[in-house]
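Note that chain A is present in both complexes that follow, paired respectively with chain B and with chain C.
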Partner chain A sequence: MRALVLLWSLTGVLALLSLCMGPTGFAPGIVAQALDGEATGRLILFELRLPRALLALLVGGTLGLAGATLQGLFRNPLAEPGIIGVSGCAALGAVIAFYSGLSASIPLGLPLGGVLGALLAIALLLALAARDARISTLLLAGVALSALAGALTALALNLSPNPYATVEVVFWLLGSLSDRSMEHVLLALPFMVVGSALMLFCGRGLEALTLGEDTATSLGVSIRRLRSLAVIGAALAVGAGVAVTGAIGFVGLIVPHLLRPLVGHRPAPLLWLSIPGGAALTLAADIAVRLIGGAVELRLGVATALIGAPFFLWLVLRLSRRAA
Partner chain B sequence: MSHLTGHQVRIAAHGRDIINVAQASVCGGELVGLIGPNGAGKTTLLRAMAHLTPLQGGSMALDGVAMGSLDPRERARRVAYVEQSGAAAWPVSVADLVGLGRLPHLKALAKQGSGDRDAVAAALAATGCQHLAGRSVDTLSSGERSRVLLARAVAGKPEILLLDEPVAALDPAQQLAILTLLRDLAGQGLGILAVLHDLPLAARFCHRLILLKNGQVLADGSPQIVLQDQMLAELFGIEVESGERDGQRWVLPWRALP
Partner chain C sequence: MAGRRGALLLPTLVLLASFLAPPSAQAQTAKPQRIVSLNLCTDQLLLELVGRERIASVSFLATDPEFSAVVDQAAGIPPNRGLAEEIVGFDPDLVLAHRFASRQSVEALKRLGYAVVEIDLPQDLAAVRDQIATVAAAVGEPARGRALADRIEARLAALPQPAGKRPTAAIYEPSGYAFGANSLADAILRAAGFDNLAAELGIGGYARLGLETLLASPPDMLVVDDTAADRRSMAQQFLDHPALRRRFPDGSRIAVPRRLWICGGSAVAEAATLLSRARLERESRRR
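After this line comes the complex of A and B, so read on.
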């Protein structure tokens, strides 16, 4: 409980700090100008900085929650939101929207394509896994789906007639929170709220799953229902996030793992704690990329991967040492 | 006292029957051992009793009511199942792990109440695990883990307890302690069906034995009656040494028959 209050406080402080950050460093003057009612200040604060901070909060929070949910479902600390293939499919949807001209012809075409890709992934996952009640089947389906989405994305890039468009898509895929508007927030928000609610309903089932699927079933938990809740919830929330920001990796992997000891390793309270945990980490990383600045902005997805991948390696080594 | 009974239970896999049992049951107050050679279908039958494996034929009923027609949570409150490996995915505390046994009793969105905590404390006491309550489950020895898993099942205050090899991989003192504990729990009215591999222990501690071979019940009755030389030769293909101490018959596998 204390950890929860502490993490939300930290998230609040980081969100305020994020509002004080300009594209190339600390610039709190804008906030003062905006509070004075000055027009340019208000524009910058509410049209640029606020959506960016809100998206960091929402995307980070849902990535943390989705990571905790899927690690609980797969009973594996190495699971992350991308593992069920939904991130790859959302990215593919966005890429298709980009090349088909959808993103140019209607507002928000790119994120809408991403959401459609994520929804398609959910339908495929549920169809693939419906014949088999085991959770491991879902994992395999997710890996296959990721590979397929990756291949089709590569195909789209390969066939692109326009090298500039290719560069643009590649940069978008790297994941960033810059130049996002309130419309992006409002597009993603409903999916994230519904998805998060579904995931938070998984708490008790994930607790029971601590002792395996048979024991969980014998404790009155329906594995089928739990799996559907977790997958649909994670896919909605993560898919919407990828659709508006591109792929931001490793947040969902690191956050639950770091916070798990604070709740005695119990899966249910970890869900609640991982929301502010993911939000805080993403806000901090997004502040960091702006502090670093430079001629070319370091993409948030690149930054989280640079921190996350070595952490992942360390995690694998530590787990293998414990098993030995 | 409640009773869990299977009638004409048939389970098939890959086109052939792996279980074909006319009747198998466990009643409140008795400790029943399910014994038989490897591959006889003991775990499959136990899982069927726990409503974890679908039946191709026949019925499984708790006090005459089909297991499948019971609400899953009511079924979970009344019938507990402890699987063989029992590995916990997360290094939670023993108290939290035992608390999982209370899940079927919790109302939606409710937290554990004093009644739940009392039941956990009672289960820890009944299994001699109080001193482990604060320990992380990944620090337990095999014997301690077996007790804790048993405590988890007991905490739900079930009427029927189904155990898959509760004394596998334990040293002799731990085996005796666990089986004595199971006898005590049965004495308090719990009906226990346990898959056992240790013939001497099964013979000494169980009120009744179900002998399973090739998915069929070879014999079902008190150890004194069913553990005859000829029966054991047929079941395991072994010759046993036997004797008596304090009015109790003991058996010891002596050699495999050619």
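After this line comes the complex of A and C, so read on.
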């Protein structure tokens, strides 16, 4: 409980700090101007910096939660939306919806495309895990799925009559929060709320699942119901998030691992803790991106990968040493 | 073994071909009759300077309405994508290229002995005149070139300049890029009686101008091309950001099609005329 309060406070502080960040570093003057009621200050604070901080909080929180949920569901410590290809497929779904014009003609078409891509990926991986539950099999399938989704994303963009295709592939594969608007927040928010609620319902089932499927069933947990809740929940949250920010990797891997010792390795409280954990990490990374500067802003996905990839490598080494 | 022989065969053939058929030999004296242009900017100049019967091929962008100012004139002329092999197929007696595009193909074509004339990215109006002269000389129409440059300069000189303080404008492109100092667009903006905000903010050439930076020191007018709105791209969608719409409603926006300032040619005068007209309208509204 204390950890939860602490993490939410950290998230709050980082969100406020994010609002004080300008394009080239710390610039809190705009916040003061906005509070004075000055028009330019209000425009910059409410239409640029606020949606950015909100999206970092929402996308980070749902990625953390989805990581914790998928790791519990697959009983695999390396299951993470980015690594197992769910984010990549969500990006592909969003890309198809966006560049085909579907998102312009159907309201919510963009997040729906992302959700559909994520749903397909998780369903495929689950079917595979039912036949072969080894950690390495899931990871290898994830590598293949990520590569395929990335290639199809590039192909879809290449085929679209769009002179900026090459640059935009980078957005979808590496994610960014720069220059997003309140429209993007509202587009993703409903899916994220429903998805998160579904995933939070999985707590008890995931606890029982740590004892094995048979024991969980004898405890009165319906594995099938648990699976649908977790899969649909994660697909809704990750799919909608990726559809407005691109794929931001490793948040769902790092956060549950760092927080697991705090809750005695129990999946249910970990779910609740992973939300502020993911939000705080993403907000911090997005602040770092603006502090580093440069002619063109560093992609958020680059920043999270810089922290996440070495962490991933360390995890793999530790797991293989334990197995040996 | 076969692989090594194959590796030797190709350069030998290329070498042989360049000896057997020096394609530029007969192009020295007579006016070139099978001109191929690899680049949109040379397409446009070419179509203004010579009859289409002398043009063998133009770039694929020449018929793209978003970027090309000569869509109608270019219709029906075989397009190319700037690949050396397809250019050779046109058997050109003159190849026009841009210094910043299709580098590999241009080098290959030069090695094969084709007559290649390259133009630069013009950074001001004097460079436009030079560029027109270069292309006009290459195609054997120097007088037409001088006439074209004179026409453009006369149209620009006829534009009125503001009596008092010059208003500021920024040319805002997809993904938030802007034309700063040392760019043709900057010269056009000034010819139309504006000061270029992006240049004042220290931007040179063509570089990113962040949305927050733009909103923090907004220009009097924002020049945005919304003719490409039907093309879905994140880059184009960026220009629909609610903050940008709110700060620059329709009255403070000027729509100038992108195709008018990509290259140096008569489009330059057209862009300046549109801008100048918008500036005068703004002044009459404020009076």
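Convention: the second predicted complex is superposed on the first by the 253 of 324 C-alpha atoms of A that agree within 3 Å, B and C clash if a C-alpha of one lies under 4 Å from a C-alpha of the other, contacts with A are read in each partner's own complex, and residues count from 1 in each chain.
Simple rule for what comes next: a contact is a pair of C-beta atoms (placed from the backbone, for glycine too) under 8 Å apart; a residue touches a chain by one contact, two chains touch by 3 or more.
These figures come from a predicted structure and were not determined experimentally.
> Name the contact category of A:L259: first (chain B only), second (chain C only), both, or neither.
Neither partner.
> Using the touch definition from the top, say if A:G220 reaches chain B (first), chain C (second), both or neither.
Touch status of A:G220: first partner only.
> Identify which of chain B and chain C touches the larger number of residues of chain A.
C
> Given the touch rule stated above, what does A:L229 touch, chain B (first), chain C (second), both, or neither?
Touch status of A:L229: no partner.
> Now for A:I44: first (chain B), second (chain C), both, or neither, which partner does it touch?
second
> Touch test for A:P267: chain B only (first), chain C only (second), both, or neither?
In the superposed model, A:P267 contacts chain B only, not chain C.
> Regarding the shared-chain residue A:A208, is it in contact with chain B (first), chain C (second), both, or neither?
Only chain B is touched by A:A208; chain C is not.
> Output check: A:A79 vs chain B and chain C. Expected answer is one of first, second, both, neither. What do you get?
In the superposition, A:A79 contacts neither chain B nor chain C.
> Going by the contact rule set out at the top, does A:M182 touch chain B (first), chain C (second), both, or neither?
Only chain C is touched by A:M182; chain B is not.
> Taking the two structures together, which residues of chain A meet both chain B and chain C?
none
> Report the residues of chain A in contact with chain C in the complex, numbered from low to high.
So the residues of chain A touching chain C come out as 22-23, 30, 40, 43-44, 47-49, 98-99, 101, 104, 160-165, 167-168, 171, 179, 181-183, 295-297.
> Over in the complex, which chain A residues touch chain B? Could you list them?
These residues of chain A touch chain B: 75-76, 204, 207-212, 214-215, 217-222, 260, 264-267.
> Going by the contact rule at the top, pick out the chain B residues touching chain A in the complex.
47, 50-52, 72-73, 75-77, 79-83, 85-93, 96-97, 100-101, 103-104, 106, 136, 149, 152, 156
> Under the stated contact criterion, what part of chain C meets chain A in this complex?
Contacts found on chain C: 66-67, 174-176, 207-208, 210-213, 215-216, 218, 231-236, 238, 241-243, 246-247.
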